[in-house]
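Each of the two complexes below includes subunit A, the first together with subunit B, the second together with subunit C.
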Partner chain A sequence: MTARLVFDVAAGLAILFAAVMVVHRHPVKSVLALVVSFFALSVAYVMLSAPLIAALQVIVYAGAILVLFLFVLMLLNVPEEVRQKSGRPIHHTLSALAIVVFAAVLLGALRAHGATNAAPSTSPLTGEVAPVARLLFSEHLLSFEALSILLLAALVGAFALARREGRT
Partner chain B sequence: MSLADVGFVLLRVLGPVLVILLILPIPMWVERRGAALIQDRPGPNRVGPFGLLQPLADAVKFFMKEDIVPANADRFLYVIAPGIAVFSAMTTFAVIPYGATATIAGREVPLIGADVSIGILYLFALTSLSVYGIVLAGWSSNNKFSLIGGIRSSAQIISYELAMTTAAAGVILVAGSFRLTDVVAMQSGTWFGFLPRWNVFPQFLGFVVFYVATFAETNRVPFDLPEAEAELVGGYHTEYSSMKFAMFFMAEYINMIVASALTVTLFFGGWTLPGFHPEGLGGVLLSVVIFAAKTAFFVWVFIWVRWTLPRFRYDQLMRLGWKALLPLALVNLLSTAALVVWGVL
Partner chain C sequence: MTANGIPLGDVLLASGALFALGLAGALMRRNAISIFLAIELMMNSANLAILGYASTLQSVEGQIVVFFVIAIAAAEAAVGLAIFVAMFRHTETIDVNRINLLKW
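Entry: the complex of A and B
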């Protein structure tokens, strides 16, 4: 019962702060809202008995990637966005249409896959370190290694691009 | 769950936090007296015997000072930044086992806040969050020195976190578990009858890298560039005064204690000692004392290093982190993996 309550609160906070992230005009505040959202997500993962994913969520996303975002925003000193009003009614119509379509797709997907159930009943051990590691290094070994090579290629690519720019 | 169970859990979780807060004046006093000892001067000796009440006098002074918020500061972030720093420092202690399992009133009470399966990952997660306290303090102050301090801190902590986690991975590899109680249990006993089974002996390189990286993670000299007073006034806490400044000060000392406790847990056998088998309540208390003594030694090393070594330059700091510590940590990880595969460890 308490577990369910904690999950609901965490999930609610995650959604709320994700919305704040989109709506807020200040880029730094947006990043911070995303940090809170990720933290709440990680609490939700713990309640779904996946502590490893929860820890990785905080270490990788909140602790490393978003710190880098913040780093860049602070270095560039990005000011608060000025909200622009476009005078053309077509913009409003199109964006309203996009929102409606997206909401319809989302609702349809939720209906079809029965998201009304409570948190999926996982056996208490599936999210622990050892089972995840075993799956990662047996069944999904190929995709795991392919992903790491992809990341390495992206890294080398970024480095090459940065170098070329530096020389000119 | 009965009321007594709740009581025991509260005791386990809050006990170490309260104890750390209570003993916090001691490392502060040791820092000032130790600095004086190393610099061959008396140090604070007016307030109480040996100046022991100096931290108390400092605390009163902090409380009495005016609490200033700069005119163009981002008020909300400016106020919560020191809170984040103290919060992330205090919650890290929860997964460190600080003593043997006690049996109180027929109940087994393991002396650890929460014995979770992701123990060390939880610790790294919270340390990586500690950077937000510093970065937000630097940014929200609306001061160039503060901002540079915050930016330096984020780059520094991310760089040294890699070396630190890679060094700790060697220990995890041998223990086969992220659970810190397993890490401690595996280090009990001896090799060849006299050498304690501490990780520091087979993984000396890992220990050196880890310990050096904790200096950077706690912003202590020689890596205290986020607050380098010679170039940045006070770095990220330039604009802070009164208790808000004191909170950053507290966070630094708590981080030092936690980093020392973690070093002891990972590389020096935690509360164990060869030939020591805790029996009864006295034995359990002795195990806590052993843990505290080992931790106190490393806190002293933090202070010793601070008053002995000069500060690094920023490019030197980055070079050391990426070109020396990280490769050394990888060497340690590979050699440990080889030893594990060959069945030596």
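Entry: the complex of A and C
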């Protein structure tokens, strides 16, 4: 029961700060709200017995990716979004409609399927890192190496894209 | 019911709410970086659902999938932000309504 309470509080905080992030017009404030949301999500991941993913969430997402966002925002000096007075109202209506329809479909699917057809496997999940590492470096070794090449390609690509033209 | 006694319904509800918020952000914002942030939020909500199911099925495969998602998100963020920097150099703006060179 305690686990459920902690999970629900963490998930609620994550949703709350995600809402703050969506509502804020200032991009720096919305990045900071998303950092808090990701920290809350990492608590939720611990409660789902995935401590490795929780650590990665804090180190990679909150630590690296969002700091990169913040860095680019400050580099480009992005202004606060001004409220659009003469915008096309059809756009807002369609956005709201899409979100409502999506939420309805999601809730319907949740009620229809939920946790009914989930059969537990033989090996119990204890939340240790060793089984994850064993699987990652045996069965998924090729994907892991491909991932390292992808990260290298992304690094080179990002450098080539953001480099100032005409200067080496 | 997950390994720790958290109902899967709670996990999926949280995941769905986060995804809907991300979708709302991606549709409402006009600044390209804010839209990108909302997409990151949607990716995280998918991770939450995957981990919920992995915990219910007592499987470690789910954590591997989420590991790959996080690594690919990092690569995507680096390349995407580099594209925004290059775009800003050309057009002096990252407002998606004002970047309409390819728009008919």
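Following the convention adopted for this analysis, the second predicted complex is superposed on the first by the 139 of 168 C-alpha atoms of A that agree within 3 Å, B and C clash if a C-alpha of one lies under 4 Å from a C-alpha of the other, contacts with A are read in each partner's own complex, and residues count from 1 in each chain.
What we mean here is this: a contact is a pair of C-beta atoms (placed from the backbone, for glycine too) under 8 Å apart; a residue touches a chain by one contact, two chains touch by 3 or more.
Being a predicted model, the structure only gives us computed values, none of them experimental.
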Partner chain in contact with A:S143 - subunit B first, subunit C second, else both or neither: second
Touched partner set for A:L76, first subunit B, second subunit C, both or neither: second
Touched partner set for A:I15, first subunit B, second subunit C, both or neither: second
Contact breadth on subunit A, by residue count: subunit C or subunit B: C
Touched partner set for A:L52, first subunit B, second subunit C, both or neither: both
Subunit B versus subunit C as contact partner of A:A62, first or second or both or neither: first
Partner chain(s) touched by A:A40 [first = subunit B, second = subunit C, both, neither]: neither
Footprint overlap on subunit A, where subunit B in one structure and subunit C in the other make contact: 52, 56, 64, 68, 75
Residue ranges of subunit A touching subunit C (in the complex, touch as defined): 1, 3-4, 7-8, 11-12, 14-15, 18-19, 21-22, 27, 30-31, 34, 37-38, 41, 44-45, 47-50, 52-53, 56-57, 60-61, 64-65, 68-69, 72-73, 75-76, 78, 81, 84, 95, 98-99, 102-103, 106-107, 110, 114-115, 118-121, 123-125, 127, 131-132, 135-136, 140, 143, 147, 150-151, 153-155, 157-159, 161-162, 164-165
In the complex with subunit A, residue positions of subunit C that touch it: 1-14, 16-25, 27-31, 33-34, 36-38, 40-41, 44, 47-48, 51-64, 66-68, 70-79, 81-86, 88-89, 94
Complex contacts: residues of subunit A adjacent to subunit B: 28, 32, 35, 42, 51-52, 54-56, 58-59, 62-64, 67-68, 70-71, 74-75, 128-129
Of all residues in subunit B, those that touch subunit A in their complex: 77, 116-118, 121-122, 124-126, 128-129, 131-132, 135-136, 138-139, 147, 150-151, 154-155, 157-158, 161, 177-178
